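After this come two complexes, each holding chain A, first together with chain B and then together with chain C.
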Partner chain A sequence: MTDWRSEARLRDERLAAGRAHAAGKVVPAGAAIDLLEAILRPGDRVCLEGDNQKQADCLARALAACDPARVHDLHMVQSGIVLPEHLDVFETGVARRLDYSYSGPQGGRIAKMLYGGQIQLGAVHTYLELFARYFVDLTPNVALIAGVSADRDGNLYTGPNTEDTPTVVEATAFKNGVVVAQVNQIVDTVPRVDIPGDRVDFVVEADRPFYVEPLFTRDPAAMTETQVLMAMMAIKGIYAEYGIARLNHGIGFGTAAIELLLPTYGERLGLKGKIATHWALNPHPTLIPAIESGWVKQVHCFGSEVGMDRYIRARPDVFFTGADGSLRSNRAFCQTAGLYACDLFIGSTLQIDLMGHSSTVTRDRVAGFGGAPNMGSDPHGRRHPSDTWMKAGREAQTVGDPLLMRGRKLVVQLVETFGDKLVPTFVERLDAMELAKKTGLELAPVMVYGDDVTHIVTEEGIANLLLCRDADEREQAIRGVAGYTEIGRGRDRAKVEELRSRGIVRRPEDLGIEPLDADRALLAAKSIKDLVHWSGGLYDPPAKFRNW
Partner chain B sequence: MESLTFRHTTRKPLPGAVQSAITGVVASGNLEVLLERVLPPDACEVSIETPVTGYAAVWEAVVADFVARAQPGGLRISINDGGARPDTVSLRLLQGARLMEA
Partner chain C sequence: MSPASTDPQALSWYEASARQRVAALADPGSFREFLGPTERVTSPHLPLFDLPRAFDDGIVVGRATLDGKPVLVAAQEGRFMGGAFGEVHGAKLIGLLRAALDVRPAAVLILFDTGGVRLQEANAGETAIAEAMRAIADLRAAGVPVIGLIGGRAGAYGGGGLIAGTCSRLAVSEGGRISVSGPEVIETNKGAEEFDSRDRALVWRTMGGKHRRLIGGADAFADDTVAAFRAAALDLIARAPAFDLATLEAEQARLEARIARFGDCRDATEIWARLGVNDPEAVPAMTTAAFDETAARVEEAHHDAR
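Showing the complex of A and B:
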């Protein structure tokens, strides 16, 4: 007889073992280790919710403290490697295999552990890709998630940082897995139900509120004239020319500078209402002046941002909010929105090679991708036109019947030619290739492939790769904006001037921009305090950004 | 610490009559530029004190591009570098030239 219910029986066993440590569904924080040791089995696939921002930190500490004799060889399938405990489990043997997306703050340590062979790495994914695999071949046996509050039935309120939770729970709860939620508080009634209680098996009342990383706060005080210049070029040379209404911004200072120039420089160019109206974006504090100036129609968010909650509650026409008034974010849906419904992605990277391939992996840091490879790719499944998408498509394709033309998503790399400590951004060969070789990865962790990149913006100018007709033109266009890096100094000057005459390379003066006009005075806010003023006191920045 | 000096001949003197100007600050990632109108009208000399060694070729290229663009004849330019990136150096030099033209 075929056994069709083995997984369900195993789930019942796990639940029965876990209930020994619970009152109904509720487990005290002090019993979290006992609970995990009871429900986990060696070799389990486990999603320990580590999102871009929200962290199931109480459960992470408990998992790291489990007895490796009982809990071992776990296969961690989580989007973010953010907390030290996320890697501690690989040192103790509690976990062995890893499939993940993003590892910003732990990038240095994860590189060391990869080189040292302590982690068996499956792959570094994009968010959507990892979420997709949750439903195919990386379905979690146990999910350890985080929320703000729960009632005794397990109904869960995630707060504004819903992020990955619905996706993780969907994959686990509906495929015989066990879902454990840590919450800051057990309440009689939750403010809104983000996850229905029948999908949550245990609720741990955490010893302290879960940690949220303020990942998207960029202090205007730290923005440089070079970043202002690059933002001016992007607005005039790309946003205005292609009429970009629907977009996603990366996390860096350059894109934050663009946000702060919309109500000043953008206004002066007469672009209000024509560009930057619809966003897939975290609630960046630097977007406040543009919102307050009436530029922004709506914003859907991957997650929230520390300090933005009151402001968002007061602007429900702009943000997606729940019946309780607070933000509802959802990483999987927002990634999909960024992929299919945005005409432009603009972000930064650490290395770009002569083909335009880029990566944030360097010799001693493996930062992962997060969403950038999805945001920064041309979706071949897209079928709806927009003026922006069609114009880019026409630039890329000069032959064939226009009715059979594909449009193109604009994928823009906004980089300074030198990074921190004078490290050049433009390189002959990506460090990612070295990492792949040394660690036996079949694929080098490339963030955005060269054939998806349409423009590179540096302080020296804009390279339009859509208009390049062969590999040599592409290389010289990239060299032509690579400044004083070795790559830049190795340019064929005559060829670059020819590309410039065809508009493939454009200097600030070609765009009517005087570099000496790139003044910080153009920033709509020059400090975090200015952002607080713009928000009418609703934005409440985290302590580390308060310097007044 | 590295000291570098580059001498160029220009096609014309820098316009204006300002005798000296200073721009920028010595801070990490920044630089201070002192410009003095003390040389013959077709000469420009740029001397650099930098804590970062090994970038002579980059400095040479940045200074050559600045001279070609601004034609700063007559200027002696002294740079106190705090590890600035080349684009910041270019910007400060152009800002300094503009101050001297006022």
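Showing the complex of A and C:
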């Protein structure tokens, strides 16, 4: 007879073994290793919650300390490889296979381990892809998640960094898996229930609160006048022309400069209320002046940002907040929002080739993807029109019946022609291709594919790739804004001037922008302290960003 | 250029270039530069290291009037090599200070913005620091006040901190920092447990304008505008101390008392508490008005020695 309940029985066994170390659902931090050794089976698929910001660090330390004779050959399926312990488990043999999305701080070590064969890599995913596979062929047997507090029944308050948690729990708890949550505190009543208790099997009171890194803070004091110029070009040449109301900003000084120019330069251009009203965005501190000036209608967040809690609580008309008043973020929903409901993604990158492919990979690091590939792609499943989307579609497609036309999402790369340490941004060949060869990846890790990119903005001008009609025009448009890099100097000057006459390449003067006007004085806030003042004292910056 | 770049009321001292500071600080149109960039007196050493030079070697010197009175002014450009002292840079400052002995202006103003001596021309830089301190002592003995204004990105570090210590009076803003060894130097030598240079709140608590004002290391606290520094400079010129044996003995006594009283403190907040500040934790976030009230109640901040 067919056994239809083998998974459920295995779950019951795991729970029974785990209960030996728990009082009800509650497990002391000192027993975390015993708990994990009791509930895990060799070869299990495990999600060790590593988000952009919130890390299940106490459980990560416990997993890394498990006896490899009992716990081995795990298949890790998690979005972030961020902590050293996330890779330590592969050195001890506790884990063997890996499917993940992002490994920023561990990018160098992960490349070495891939090269050395210590990790069997499934694939590097975008967030939405990995989340999708949680429900198809990478469903976790055990999820180790993180929250701020829980009650004794397991009701979980994630705090403002909800991030991946609901997605991970949904896939695990409803498919016979076991969910273990680490929390900073066990309380009688949680401020709000982010995850209902019947989806959480064990609660570990962590020995210390989980660490959150301020990833999304850019100090206005470090912004350059080049970045101000590029922000002016983006606002006047793209935001104003396409009437971009719904958008997502990548992190970086260029996009932060745009946020700080809205209340000054944007106001002067009469754009308030017409652009940048609805956002899919982490709560960037640099958005505070635009919010306070009435530019921003609403913001949905992937995660939160250190120091923004009190400010967000005081602006519930703008942010999504719970009954307790604090931010409710959700990476899966916000990624979906950025993909389908935003008309523009603008972000930065390290390398762009002659076809417009871009990558943040350097030779020795596998940093993974995160959200940019989804944000920075044209969703073919989109059906609802907007003026922005339609205008971009018309620019890309000139023949055929308008009723059968697809719109286009605007995907903008905002880069200086030379990056950090004067490394050229524009290259013949992406380092990502070298890396793929070296590490045996089937696909080169391309962040945004050339056919998704619609505009490239540099200090030299804007290249509109939508208007290019063939590969040669596209190459010359890219060379035409590549400045004094080898790529830029290799341009066909006559062809670039021809493209300029057609509005495909536009210089600051073509946009009516005087480069000498690109002054830091235009920034609505010139320092972190200015942001604190804008927020009425509600923004509480972390120590590394203070100069007072 | 937008109005915010030139209006002294709005122009941020921290944001402004050395030239913008001087132009907006002095009476309008009164500044005359000596050895300006068109003369192209540049560093003879930097090309040996394949490093770019600046036509003014990172310092602007000249004469101007302040409220109608003649002054000599030197302003360091913190954005060129961190405002560091090289041979030409130092010679321009020393030349200005020695000229003051002949010209006898109402005051000499030094707008510090420096990390100290330029490593590529260290001997010349160190010599310049010593000569500048000697020249300031001579000037003060002759009755010419030398006022230091500190609120730039680079602060007044290394030899700049030493020269600041010889001035008649100092004005500092919240962003300004005064010290000799910089945060990274201390961390490198003593470890991050002793001093974490990335903890910027700690750096400013220890070396920043508010702390220097509260312990009497600076004599005025200015808002971060050129107008506020101008007002502070005028005020300090009017109450420069005499440079005599009594002043120096009082200064020595003050410094000995300071180390005895605060030598065991682990953090600036402990010092502020001993100085009688009610809520030391609140000091960093205080507005200028609230801070001025706090400083007014702290005796140490009004010691007249120098």
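The rule is short, and it goes like this: the second predicted complex is superposed on the first by the 548 of 548 C-alpha atoms of A that agree within 3 Å, B and C clash if a C-alpha of one lies under 4 Å from a C-alpha of the other, contacts with A are read in each partner's own complex, and residues count from 1 in each chain.
Following the convention adopted for this analysis, contacts are C-beta pairs under 8 Å (C-beta built on N, C-alpha and C of every residue); 3 or more make two chains touch, one makes a residue touch a chain.
Note that the structure is a prediction, hence the values are computed from the model and not measured.
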After aligning the two structures on chain A, examine chain B and chain C and state clash or fit. clash
Partner chain(s) touched by A:Gly93 [first = chain B, second = chain C, both, neither]: neither
Determine, under the contact definition given at the top, whether A:Gly104 touches first (chain B), second (chain C), both, or neither. neither
Touching A:Thr417, do we find chain B (first), chain C (second), both, or neither? first
Is A:Tyr484 contacted by the first partner chain B, the second partner chain C, both or neither? first
In the superposed arrangement, does A:Leu516 touch chain B (first), chain C (second), both or neither? both
Who does A:Pro379 touch here: chain B (first), chain C (second), both, or neither? neither
So, does A:Glu225 touch the first partner chain B, the second partner chain C, both, or neither? first
For A:Lys544 in the superposed arrangement: first (chain B), second (chain C), both or neither? second
Following superposition on chain A, which residues of chain A contact chain B and also contact chain C? 516
Spell out the part of chain A that touches chain C in their complex, as residue ranges. 516-517, 519-522, 526-527, 529, 532, 537, 543-548
Could you list, by residue number, the parts of chain B that touch chain A in their complex? 52, 55, 57-58, 61-62, 83, 85-88, 91, 94-95, 98
With touch defined as at the start, can you tell me which chain A residues reach chain B in the complex? 224-226, 416-418, 421-422, 459-460, 483-484, 489, 515-516, 518
Which part of chain C faces chain A closely enough to touch in the complex? 1-2, 4-5, 12, 14-15, 174-175, 198-204, 208, 210, 284-285
